[in-house]
Amino acid sequence: MNTVWIILAPLIGGLLYGVERIVRARMQGRKGPPLLQPFYDMFKLLDKRPLLVNPAHVLLGIMHFITLWIAVGLIITGTNLLFVIFVHLLASIFLVASGFSVRSVYSHIGANRELLTMVAYEPLLILIAAGFYLKNGYFSIELIHEGEPLLGSLWMLFGALLLVIPIKLKKSPFDAAEAHQEIVGGVEVEYSGVYFEFLYMAKWLEYIFVYLLVILFAGNSVMMAIVLVSSVFLLVNLVDNATARVRIPHLIAITLGIGLTLSILNLIGVGYGL
Amino acid sequence: MWYSVKKAFTNLLSPPQTIDYPATPIKRVERYRGLIEYGEEHCIYCLKCEKACPPGAILFTHTDTPTENPKNKKSLAYDYNPHLCIYCGECVRACPKPNEALWQSEKKPGIGVKEDRVNERWFEVEGRKGS
Amino acid sequence: MGRKIIDIPLGSQHISLLEPIKFRFACENEKIVDVSSDVGFVHRGIEKACTTKFAYDAVPYVVARICGLCAITHSLAYTTAAESLLEGVVTRRAKYLRMLLVELDRIHSHMLCLSHTAENAGFEAMFMRIMGDRESVMDIQERITGNRVQFDYVSIGGVNRDITTDIEKEIRKTLAFIREKTHGYLEEFTTNWSLSLKFKGVGVLTLDEAYRYNAIGPLARAAGLATDVRSETDYLPYNEIGYEMRVGEGGDIYSRNIVRLFEILNSITMCENILGGLPEGEIQTKMKGKPTGEALVRLEAPRGELMYYIRGEGKAMLSRVRIKTPTFASIPAFIEVFKGSEYADAPAILASFDPCMSCTAK
Amino acid sequence: MKKIETTLESVVSDLTAFYDYKVWEFLTLNGVAIDEGTTEIQWIFSRYGAIDDVVIYYAPVKNSETVPSVVDLIPSAIISQREIVDMFGITVENSEKGLYLDEDSLSAPLATCRI
């Protein structure tokens, strides 16, 4: 069963992305594309003539996709949460390396910004894992899914996760790493055709990844998981459509400032059994 | 910021502003400035429209098979290029008999790229005019 | 780490630009230290065409095609200049109708600028909403003139179409709608926290720099320089229809946006006053003769001062048409503003200038 | 509109005496081809806040002559100086070619007088 889910993960991510495009369009007063537009885009990309900038660049892009898929797969099979976060970190590092492997200025700035956003969100992800550990005494995702919902005691860590989601999904106000009006998509700029498809699908996997992290807070309650995912989805899109993009220094200050405070308070609370 | 959030939320629930364009046709306004149309039988061949036209989209050239209009003493033929026309209506304002000999309709011109070399015939007309 | 200067190009094709302009920013990290620009990508030789291909009475339609957004101001400025050479007098009704179109044009042009500033600051939803509302202004312009973009409304001697009571009703309805929306934008631009991070104190043009670099239009007014051609000329009776100058302070993007928003509100009031006090009379007067002598006409286009200099020698063709467009004159000021800003802000700063490259390169 | 004649030698000193950057707005530099080989160069100013107070300094320029640059006095003149260089093919101090025209395009399109 898990294998099926793992294989389907990018497709579900694509569907989620399609739904989100419609929701976003409606929030902007537009009709929006068809639900399957992400897949149509993919077929179109297959048709394009692939241009290879250099082999390392493409290889790192593909590695980024595969590692991300592994990270998603590891969450689905229910292994160690901390391990998953480090695999995900590895995937991001591949992306940054690919950005630096070409000569485009936009790609360099994008990779630079990607690195800086990692500085902002990685500590929070690790603290979230630490929160689960302090609460339960284990990192195992399988066991977390079997346990009670932890939203009640870890709600401040959940708030920190909410700050991470826009960064990971490249949404306003925290989409400076991609910032198409400034740096034309950052690290994506030199990818084309079938190679870009890997990056495109990696984006869908990011959706699955963050929403799987959201589900962790629901524990064994399916109902709560559905409510959490849909409300987070709505919230992220509302904020996306109500804010401008903030600059990288602001991004780091906001996420680390608010996120670290929330998570450390939460950890202290959990540590003292409050 | 709450205002923007509220806006985004109400937009989600209200119908979109965009329409399914090819399926739903665009509403054409009244008095839309469209194609210039010509009523040969009323034309007095004063050639004012030809002089007034800024891009030169109306040309009168000599023809061997003139119309039966008695005013057409120099055996001229009217030619109009809708792809050159800028729909400004100067010709209609210059015309001594507007609405009879020359008027501006609300029709849109056809798409120019349907066939290759749409202007071939027009170049020929212009060539005749020049010589 | 040493100080490494990298060159970041912006343009000639870039997502944040509508039109071809190229900037090359020399940046330290992301701070801009030097700027060079290239603006001539869409040079079409219109000044030359106006003096060799087209007779003086066809030129209003030629110059209208310099730019899609300020078509009306171009043809109006040229026509005013030509009329002063022909020594003709335009009826008051024609003048009022001209002003109506110019002000409607200003409303939608400012809305376009605001939406692009928002988009380049990363606020896509705002862009879509303003653009959607802007359609209604385009619609009434289409109702008045018969076309959405190329109005071809002004010709030598007056205007080409009159308005009917039906259209008047529609204009009033739309103006009320836009006024309500503009108050909404005003609220958003002043209270949205993320926009204030992007706009306040960013891209500052000081008052002294505005004087030095001859900034014009909203750019200058936002810096506190009280200059507006509408109050410096008298061939259009702006003083009769409730024109007010709005001068901002600070000279940053925020201030430019606020100046533009208030100008939209002022233009709405002016349009309503025009409709209320529309004089009776003909809309066209016949003008005879050939232009002789030289004339210089200035007109406030949405982006600032537009200047036409024409010289005729009693022939059907003019001997010189000089067009000074607003963006062209502001480029030295643009470059000054960019220096010292963050590259991350560059697209928003650029959009807040409301550049029009088709005008600039003509 | 007031026209004041000046010469190439005296234009910089005339403008220095005349131009107060808080009173006058520099509109643009303009050229008008008068006859073959001669261009009238105009420096156009308008007074802030006054109604139609435009002053034009002008000087006839032979195409072989070099027009002095006024950029030190009026920084924003650089762009119109470059335009004049492109359009009329005359040389202006410190202003290079290539604002509008490329290497392979027609040179000096407005230089010839059309009569």
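We just call them A, B, C and D in the order they show up, numbering each chain from 1.
We adopt the following convention: a residue touches a chain if its C-beta (ideal position, glycine included) is under 8 Å from a C-beta of that chain, and two chains touch if they have at least 3 such contacts.
Computed from a predicted model, the values in this text were never measured in an experiment.
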Third chains touching both subunit C and subunit A: B
Contact-richer chain pair [C-D vs B-C]: C-D
Most remote chain, CA-based centroid, reference being subunit C: A
Averaged-CA centre spacing for the pair subunit D and subunit C, given as whole angstrom: 24
Distance between chain centroids, defined by C-alpha means - subunit B, subunit C (Å): 28
Rounded Å distance, subunit A centre to subunit B centre (Cα mean): 54
For subunit A paired with subunit D, centre-to-centre distance based on mean C-alpha positions, whole Å: 58
Junction residues of subunit B, two or more chains touched: 1, 4, 7-8, 11, 17
For subunit A, residues that touch 2 or more chains besides their own: 27-30, 241-243
Pairs of chains found to touch, sorted by chain label: A-B, A-C, B-C, C-D
In the complex, subunit B residues that touch subunit C: 1, 3-4, 7-8, 11, 17, 29-33, 52, 54-55, 86-90, 93
Complex contacts: residues of subunit B adjacent to subunit A: 1, 4-5, 7-9, 11-12, 14, 16-20
Partner subunit C, residues of subunit A touching it in the complex: 27-30, 105-106, 108-109, 172-173, 175-176, 179-182, 184, 240-248, 250
Partner subunit A, residues of subunit C touching it in the complex: 6-9, 14-16, 30, 118-126, 128-129, 132, 192-195, 197-198, 342-347
Parts of subunit C lying in touch with subunit D, wherever the complex brings them together: 39-40, 43, 45, 47-48, 51-52, 211-214, 216, 225-227, 231-234, 295-296, 298, 305, 307, 309, 311, 313, 317, 319-320, 322, 324, 328-329, 331-333, 361
